[in-house]
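For reference, the structure is listed below as structure tokens.
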Amino acid sequence: MSLSGDSVDTAELAPDLDAPRPNTSPGWSRGNATHEWWARMRASRSGMIGLVVLILLIAIAMLAPLISPYAPNELAGESLQAPSRSHLMGTDNVGRDVLSVVIYGARIALLMGLLSAGLALLVGGLVGGVAGYAGGAIETILMRVTELFQIIPLMVLALFVVALWGSHLWLLVVAVTIAIWPLEARIVYGQVKALKDREFVQVARVAGAPHAQILAREILPNALPPVIVQVSLDAGLAILTQTSLGFLGLGDPNAASWGQLLYAAQSYLSTAWWMSVFPGLAVALAIIAFSLLGDGLNEIYNPHQRRGTLGRSR
Amino acid sequence: MLWFVARRVAQAVPMLLSVILLIFVLMQFTPGDPVQAMVGQYPVPQSFRDSLTAEYHLNAPVWTQYWYFLVNLAHGNMGYSYASHESVTSLIAERLPNTLLLAGSGYIVGIVLGGVVGLITATTKRRGFDTLMQTGVVTAYAIPSFWLGQLLVMLFAVHLGWFPTQGMAPVDSNATGIYWFLERLSYLILPMLTYAVYEGARVTRLTRVSVIDTLNQGYIVTARMKGLSRWQTVRSHVIRNSSLPVVTALGYSFAVAMGGSVLIETVFSWPGIGLLLVDSIKQRDNQVVIGLVVVIAVAVIVMNLLVDMAHALLDPRIRA
Amino acid sequence: MSTRPDQSATAEGVSIAGAPPPLAAKEVSVVYRTRGDFGRRTARHALNRTSIEVNYGELVALVGESGSGKSTLSKVLLDLASPSAGEVAYHGKALNTLTRTEMRAYRNEVQVVFQDPAASLNPRQRIWKCLASVLELRGVRSQLELNEEITKLLTGVGLNPAESFARRFPHELSGGQQQRVAIARALAMKPRIVIADEPLSALDVSVQAQVLDLMIDHQKRTNAGYLLVTHDLNVVRAVADRVVVMYLGSVVEMGDAEQIFERPQHPYTRALLSSRLSIDASKRRIRDRPILTGDVPSTTAIPSGCAYHPRCPIAVERCSIDAPEPRVTGDGSSVACHLAE
Amino acid sequence: MRSASIAECGHEESNAVKETQLLDIHDLVVHFLREEQVVKAVDGVDLRVKPGESVGLVGESGSGKTVLSRSIARLMANAVIDKMSGQVVFQNTDLLSLSERELERRRRKSFLSMVFQDPLGYLNPTKRVGRQVAEALPPELSRRSRRHRVAELFTQVGLPGDKASLRLYPHEFSGGMRQRVLIAMALASRPRLLIADEPTTALDVTVQVQVLNTLERLHREQDMALLVITHDLALVAELCDRVYVMYAGQIVESGDVETVLSSPHHPYTQGLIASMPGQRRRMNKVDGLVGSVPNLALLPSGCRFRSRCPHAFDRCEEMPPLMPTSTGSTSRCWLSEPEAEGEDPS
């Protein structure tokens, strides 16, 4: 059988369940957990690339006032100038320095992306976690509601919220949160529900452990890794959604963001390519970074389905 | 099978009612008074206010309001656009075919391309090709669709001049027959390609994982034992089985595509419902926005229904 | 009907006169109603008016094939599943009427060992932590005491040196070692009743005997009651005091191990015993074995009357109409068959 | 040095006898890679099956028996193989030297077939069982004779051969019936050898007897050789003429079933028999085994059973060859050497 390329389940052919495993084999974290985690992170090509790019982006965002040549909304020169030595990425239609806007835009993108992803995790985690652990009618109701939110496409839902409530910066965060929390809810729900019926949780119940202890010691530590992976992917999605709203002209008009720049660029596609290319590149980079990081984390936590997006590890 | 369809359709109804309820609830949380939420920020005359209040029973308790909201929807009455003074239903009906044309063609091209590429990457042994495709997929996946659209416009429309930049047809066209068709096609190609790249990347990824998963199943070993050749095995055991999860995922991806059409239609000024949605939001024409959200939700529910049926056709375990 | 509890008490003949058994299921039924895809409702009858009791000092074997409800029964006894009808009694008191203190006593006294040792240990806890969290529930608090107890427990189940094992994570142990840890954890509560649900079937043949010995050793030493759920009749023959045979959610026969193996009354028990492969067999015994036709039916479609009648070689018309009640027979065992003597 | 000793010991059969072998595996080595470690799943195995014979291969999980059986039928994935050498001679052809196309051609006629554990996983859930069985028939058959033959195969394995049953899907069958479908499929090419890999492990005991009975009947009636791979010594005792005991990638003992089970020479076989619960007096610990099967990627030098062996001594640091014993079986243990026989504690 040579049909399958790389992923033959050799475990089935020779299960060595009963052989003591050496310390180097992958699996859940163990002795010297942080150390081990880092070692495996370093072995993951996707993960490392993602991590490095992300750290770079965060550094740029934090150091924006120091490295940016101009203030984000400062009129730095004549409008629509092509990239040159004085304006590395050119200027936009009102004469702002594109490079400066891109640098400051990283602040808004990361801040809003992480904020919405975090809020979504909070809401989704609570709903999914309660539904998964409680079961019964509570489970049915909560998960049906979650499903409802997923019927309206994420982007449309975000737009709807903006249409009704307006587009201030913090309302945009709320809109994106409302759009992506069901994703988190589902993953947390799936994890908690599966873990609840696992034998080791049942054993804890038989021993008389209180609910709080079962949640804290047995369920959460095991549910966390896949949730972290999902949050990493959703942070990218949040940035994308937020930039999309900006591109549609529904972002905060006063904040210098990537989306806003891309919105402006739409009218100058025939004359000023730099207005679109550079901010777009920044968005793509941020999303790729989160998605690669997610892949890397997935490789770390689920070594057995190691299928990194950038080929194999190591 | 018939029973299956009937049950599934019967289940879609409460789902639909609940989604409308969700939309209704979100509207209830809108700051300001309900009339303003419905019409947006137009200065409306008192007479219009009164007629809306009467039509939607805005002074009645919330449940009664929901009931009349539903009744109005059921009659195909989604109110009037304050901007264009047309009925929302006819506005949407006018735009919907354009969206279906664009999204449908992009969807089909993407699925076919993605399916083929996914199958090849999963079965091929050349690691380099696989890695290349995978990297391509990640990149395609991460590029915002509207930005990709802008890039395509700049390269193929502005720089090379091969295709028109925007719109769906020239303002004054007297082309007929095959020329008419080609003219329309030239407008369609770039937005369709944008769709297809995005959809194709998703389908490639799904197909690859699913095919690899199928190849690891025991019945593939059985097929080889029976003496089927590689191609026979793929044809008779891999394609159908590995398409199951792909079909399921397509249901979800349709919703994403509907969201994406808002962006792509904006880039290319394609006169579909996505563009209508954005324009209406900008003009605070909320009656139209509400109508569009309802229509899109219905489309997604119908699509899910179709996907479930396709799934049942493909997998005998689900029927009965 | 109403006299049944007394009957079964005499049938077992083990319970001390007057004192209720420490753990008993009385006429327990469990029905799982699942709503399948798209609203089709199915009812799975996992248990059908099943009674069983476990006393101190005895090893009860619960045997049956898939769908016999033996795992569900053990879950019910452990209060991990709640019965749709009937009740589980702890020292004669129904579980849902226990006071807080009594509940704590029940949770201390009754412990479990599951089939899959890898799944029954938290993958993110070291063995030390795993045992410590159980000991803490028993009130052992100080680090020193914990260390001492854990060393004792691990040495007790043959994991030497204890310190080295305590530091490891479950996946760093072999299946047999994992099952030893699972047993140690159950023993940490100083249980008087242990329910072992297929504790051997996930283990290698050469390891099964080691683990079985460990449990038997504990049972004899502490005079605990054991409920051993298994499908392996050879194991039952080797260790059981009393045997309960289940088929499709009902107990078809129960009695002294010697009696069940030497003089099985129920045709299903006989079929089960005759399908036991043995290495003593002279060659080609398989050819001469009586074959029980058909498969075990699904629990969603249990046959009418006696659930066994479609496969039973001696079934008569009556068997498809009314379900036989368990009857105590001459030698003190109890059998649910119209045709049994 | 090891392969040399295998060649001179093992079965001392003349060439004339050798030619009557249906399957003759010689010094088969299959190593594969998993997580960057070399797993020595099969490490120098010799195994023979005569026409019409029933042979058992016994081993615990991780002994390499499944890899061995898959390698015989060439159903291992090439991608992960680190090393594969030796010969698998079936009907005078070395299967390892065949091209994939040639192998496909031969699989369709009078070849060897396999039956797997977990019948559900080995049947395609979306295809009607009749068609799945029909796929195994030679392609040149007409539609009518094809349908006829499938019905015939179904009745042979004890399934209803009517049209309605052939149109069912795997999930509509019970476990035992699925296993029968797999057997019917394996019989389609009228194989001379049927390899059954844990054929009844996933089944209930009453159904297990039914399936084993069917296998035995087919073996007898169609003069088809059986190679049964299992962890259950009792199953071998009931079904087989000869037995090979496998441990950590090697054959450690082989011989007639009765001989091996009544007077086992290798300490592993002895321990395995003693571990069987039915064999023991109640609460009387006879020499059961201690420890567990070693990891096939981290094997010790010398005798692989050494660390668990109650009789291990200095010489065990050197790998013992398979050598003939006084009872006519062969055993891979220094204590089984004829001159050492006196000290054999068994």
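By written order: A, B, C and D. Residues from 1 in each chain.
Definition applied: a residue touches a chain if its C-beta (ideal position, glycine included) is under 8 Å from a C-beta of that chain, and two chains touch if they have at least 3 such contacts.
These numbers were taken from a predicted model, which means no experiment stands behind them.
Chain closest to the overall centre, judged by the mean of its C-alpha atoms against the mean of all protein C-alpha atoms: A. Between B-D and C-D, more C-beta contact pairs are found at C-D. Ranked by separation of Cα centres from chain D, the top chain is B. Between chain B and chain D, the centres computed from C-alpha atoms are 54 Å apart. Chain A and chain D have CA centres that are 50 Å apart. Our note on geometry: chain C versus chain D, Cα centroid distance of 33 Å, whole angstroms.
In chain C, the residues touching two or more other chains are 174-177, 204, 207. Of all residues in chain D, those touching 2 or more other chains are 60-62, 70, 75, 79, 100, 292-293, listed in ascending order. Multi-chain contact residues of chain B (touching two or more other chains): 125, 221, 224, 230. Those residues of chain A that touch chain B in the complex are listed here as 1-9, 144, 147-156, 159-165, 236, 240, 243-244, 247-250, 262, 265-266, 269-270, 273, 276-277, 280, 283-284, 287-288, 291-292, 307, 309-311.
Those residues of chain D whose C-beta lies close enough to touch chain B in the complex are 70, 73, 75, 79, 100-101, 104-108, 111, 113-114, 116, 118, 121-127, 132, 135-136, 169, 171, 182, 185-186, 188-189.
On the side of chain A, the complex with chain C involves touching residues 17-21, 23, 27-31, 198-200, 202-209, 213, 217-218, 221-222. For chain C in complex with chain A, the touching residues are 78-80, 103-104, 107-108, 110-112, 114-116, 118-126, 133-134, 137, 167-169, 171-177, 182, 185-186, 189, 202-204, 207.
Those residues of chain C whose C-beta lies close enough to touch chain D in the complex are 65-66, 174-177, 204-210, 212-213, 216, 220, 231-235, 237-239, 271-272, 274-281, 283-287, 289, 291-293, 295-296.
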